[in-house]
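This structure is in structure tokens; I'll ask about it shortly.
To keep things simple, chains are lettered A, B and C as they appear, and every chain counts its residues starting from 1.
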Amino acid sequence: MRFTSFVLIGIACIVGAVLFRDQTQATSTLEPHTERELAESISSDYQGPAVGANPAREPPVHAVIVHKPAGPPTVRLASVDPQQRLAEVACSTCHSVRPPNLENRLSTALDEFHQGLEFSHGELACYACHNPSNADTLRLADGSAVEYAEVLTLCTQCHSKQAESFAHGAHGGMNGFWDLSRGPQSKNNCIDCHDPHAPTYPQMTVTFKPKDRFNSAEDSHAHQK
Amino acid sequence: MPTRNESESQPQSSSRALPVLQNVPRRAVVKGAFATLGAAAFVAAVSPLRQVASNSSPAEFMQQHYKELSPEDKADVIARLEQEAKEKYGAEVTIGDDRPIPGTKFVYAINLSVCNGNGKCVEACHKENNHDRATNQSYIRVIEMPKGTMDMEQGSTTYSGVVPKKDKFYLPVQCQQCDNPPCVNVCPVQATWKEEDGIVVVDYNWCIGCRYCEAACPYHARRFNWKQPEVPADEVNPDQSYLSNRIRPVGVVEKCTYCLHRTRRGRLPACLEACPTGARVFGNILDENSNIRWILENKRVYILKEELGTKPAFFYYFD
Amino acid sequence: MSSSAHSSSTSPTRSSALLSYPGFLAKALWLATEGSLLFYAWMTLLTALMLVGANAWANQAAGGMINTNMTDHVSWGLYIANFTFCVGLAAGGVMMVIPAYLYDDEEMHQVVIIGEAVAIAAIVMCTLSVVVDLGRPDRFWHLIPGIGKFNWPMSMLTWDVIVLNGYLVINLHIVGYLLYMRYLGRKPNPVWYLPFVFLSIFWAISIHTVTAFLYCGLGGRPFWNTALLAPRFLASAFVSGPAFILLVMRVLRITTGYTAPPGPARTLIQIIRIAMVVNLVMLASEIFTLFYTGGAHASSAQYLFFGAHGRYGLVPWIWTAIGLNLAGTFLFFLPAAMERSTTRIVACLFCIVGIWIEKGMGLIIPGFIPSTLHEVVEYSPSLVEWKVTVGIWALGLIVLTLILKLITEVLAGRVTTSPTAEG
């Protein structure tokens, strides 16, 4: 009686294990060793319908829009004209009648206009980017002029790595759609985040924190190192 | 002379006696009285359960699992949920039933050289997903880490003030939509599962609230509704979806869904759009031309807790 | 008792056995409310505590689990801690079954039914402890295979549901069948209970192994993710279960005058001695492996034993538990423990409390501290949780008292179908 009971239980266990082993085994795939293999291995884990098999998958019809500045900046005057209008002055208004100081690198040397300009962009001189022959444009390293709206090309001269990342959506963020067949995507221009004269991204203040029970900052100040 | 006992023990004539009280010993009556008292006390003790019953409805109680619902059932369920949202929160909402786009598998990446821990993504998630306002709930937690280590033991989530701090980098963590998700394996009622586009979803009307998935997740990705979420009517995000950001009931588990109410309509997730530094990248890994594919092929990417074998669809990289 | 159930009157036919079952239940119900003043006081106290617990749980169900002190960081607390301990209690009954049925310990045969009664009460407490922990207990039906969606065999919780309910059914059947046969004055037929008894041996081990697998399969919780967890559970169950049974037997002797032969208690104590030493050895092994290697793997143990990041909440608990376990082990090894003595009782109490802490607060809670993102958020149960847990224990003790009452009455021959036997 006793022996029979044990034997029956044992057989039941073995049968159960055989029936259900498939459902308890984890999938084992070879781990990818290069980035390309990684991307492909993730893609191959995909269990859904085949890519491209769906006729609803359309080619992208919407554009990736990169913001551009409207044009060269202007200097706003502090005073108003007799008609109480604010006046803006184009760069070339002054700079076409003054000789350029090609070696100047210091913002402290600017004592008539552009006062208080913070400048910390490496060892660049002002006229490395600004165009002495046409103050309403910028210039590339080879001297050719470039519109303010195309300021991107200026940045990419030196910051090609960030430019490549930017082109692939890995730098600068975006808004809108990832699926360009359904909607456009808009991206920032370099100067939307980086002030060209002091491009270091500004510090920010944290405004939103979770309010967990039993986990306030005061509770844990003891463990801050 | 008839004794008291005699008159008690002998049955009265049948026309006048109540049958049930014949020959009933006093002990039984006393026991019956106390049993009734006890039952009444029990009913009184559990009377708050009436409120639970009033919070729910027969239709909600009988609702089947999401995968078992026919399109008509789904429409009924969604209509009921929209009605409930109006009653409970005073907001007109539209709940969609967003299914995966064929040929997509979503992958997310964060550039840790760029993230400065400002927490705008945390706030955007809070607003987009109709989280409880009192607790500033969000699916994203950001860890301030000392540079030079990936050991979270040395990190802290309770930082504040001006960021980035010197010699620190910031690690936002949210649901990794793992390809081998421990949370899906442990759910006793299959209330959570992985869909074809990689997103791990929860049927909030099926979850029984056992929190086993919350214990199983290695990334602190899951949240439990310890109370009914409180969201003012004017702050409710009305573009909702059944499996993602509709306002969840009390007592169920929820998690980041890669904003499937946006991403399955082709849009970017809310956290990505809110990031002011542009640290986040999202896309369809199956598209060779996508941004996320380029990152995985060209940047040195890392995943968290790789040794656990969860195979996250969430990557971190440095410039 | 199964082998000594002789019939003293004519055996009724099979059909009247079925018909007399309601009579059996009715008499059982009557007996449940018969007793001395002490009995009434005890049951009234338990009922009051149970009602307090029921009310607290109803408030929790109505107001949400925000009434507990659980958080997204420590998402399991007192309820699951108590559940873990109670599964151990239930499994402990097997330590009476094995000597009685595998080793033909004749004296143990007479008291093994007490172990099964404890198992029934413990399983009731386990099930309740899980139900009160659910965020949506009204959705319980989602677990029923066929109507709901039962994620078996992948989810260990589904295994737990099966083994716990199965163990309850097995023990209810065994106890019920033996009592009913005795009530009818018939000899129990081995075919109807012996296979279940042998099944219950494996099943008892499985309930606690499956419960351990719940925790130790989670890679994200390194404190639990150890192969030693299931053996530790079993070792501590084989201490707490028999210790509880010893206490029950002492209470039975004091209240009903029923005196068991001394042999079963000695067997149980010998089992406890070995199991406790094994438990301590495993604990030492865990401590060495964690602290010698160090690193992040040890951060939960660091928090538990010594505190971490300025938080020390569990340190007094675990050292108390270790002290109690060591003291209890020492007391059990004294010769006085083998006699009916206070030493034995004190040792039982020490071990039960020590293991409750070690398995409950000392295992479940540190699994969550530090969290998976290495945040240290502490937990201590709220008043609602304590009330509900006390209520669950009260209900378990009510069930245990009633079953023991029935056992002592039926097996003493005071309750049978025979009309001549009624006094």
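One rule holds in what follows: contacts are C-beta pairs under 8 Å (C-beta built on N, C-alpha and C of every residue); 3 or more make two chains touch, one makes a residue touch a chain.
Nothing here was measured: the structure is a model prediction, and the numbers come from that model.
Nearest to the overall CA centre, using the mean of each chain's CA atoms, is chain B.
Simply put, of A-C and B-C, more C-beta pairs touch at B-C. Centre-to-centre, using mean CA coordinates, chain B is 32 Å away from chain C. The geometric centre of chain A is 58 Å away from that of chain C, both derived from CA atoms. Counting partner chains per residue, chain A has residues 212-213, 215, 220, 223 touching two or more of them. Those residues of chain C in touch with two or more other chains are numbered 71-73, 154, 375.
Residue positions of chain B touching 2 or more other chains, listed in rising order: 141, 157, 309. The residues of chain C lying in touch with chain A in their complex are 69, 71-73, 101-102, 153-154, 190, 194-195, 198-199, 202, 308-311, 375-379. Note for the complex: chain A touches chain B at residues 26-27, 35-36, 38-39, 42-43, 45-54, 56-57, 161-162, 165, 168-179, 181-183, 185, 188, 193, 201, 203-213, 215-217, 219-220, 223-225. Within the complex formed with chain B, the residues of chain C that make contact are 33, 47, 51-52, 54-55, 57-59, 61-66, 68, 70-73, 75-76, 130, 133-140, 142-143, 148-151, 154-158, 161, 214, 217-221, 296, 299, 367-368, 370-375. Chain A makes touch with chain C in their complex at residues 1-2, 5-6, 8-9, 20, 23-24, 212-215, 220, 222-223. The touching residues of chain B, counted against chain C in their complex, run 31, 34-35, 38, 41-42, 44-49, 51-52, 56, 61, 65, 141, 143, 151-153, 155, 157, 173, 182, 185-191, 206-212, 214-220, 222-228, 250-253, 305, 308-310.
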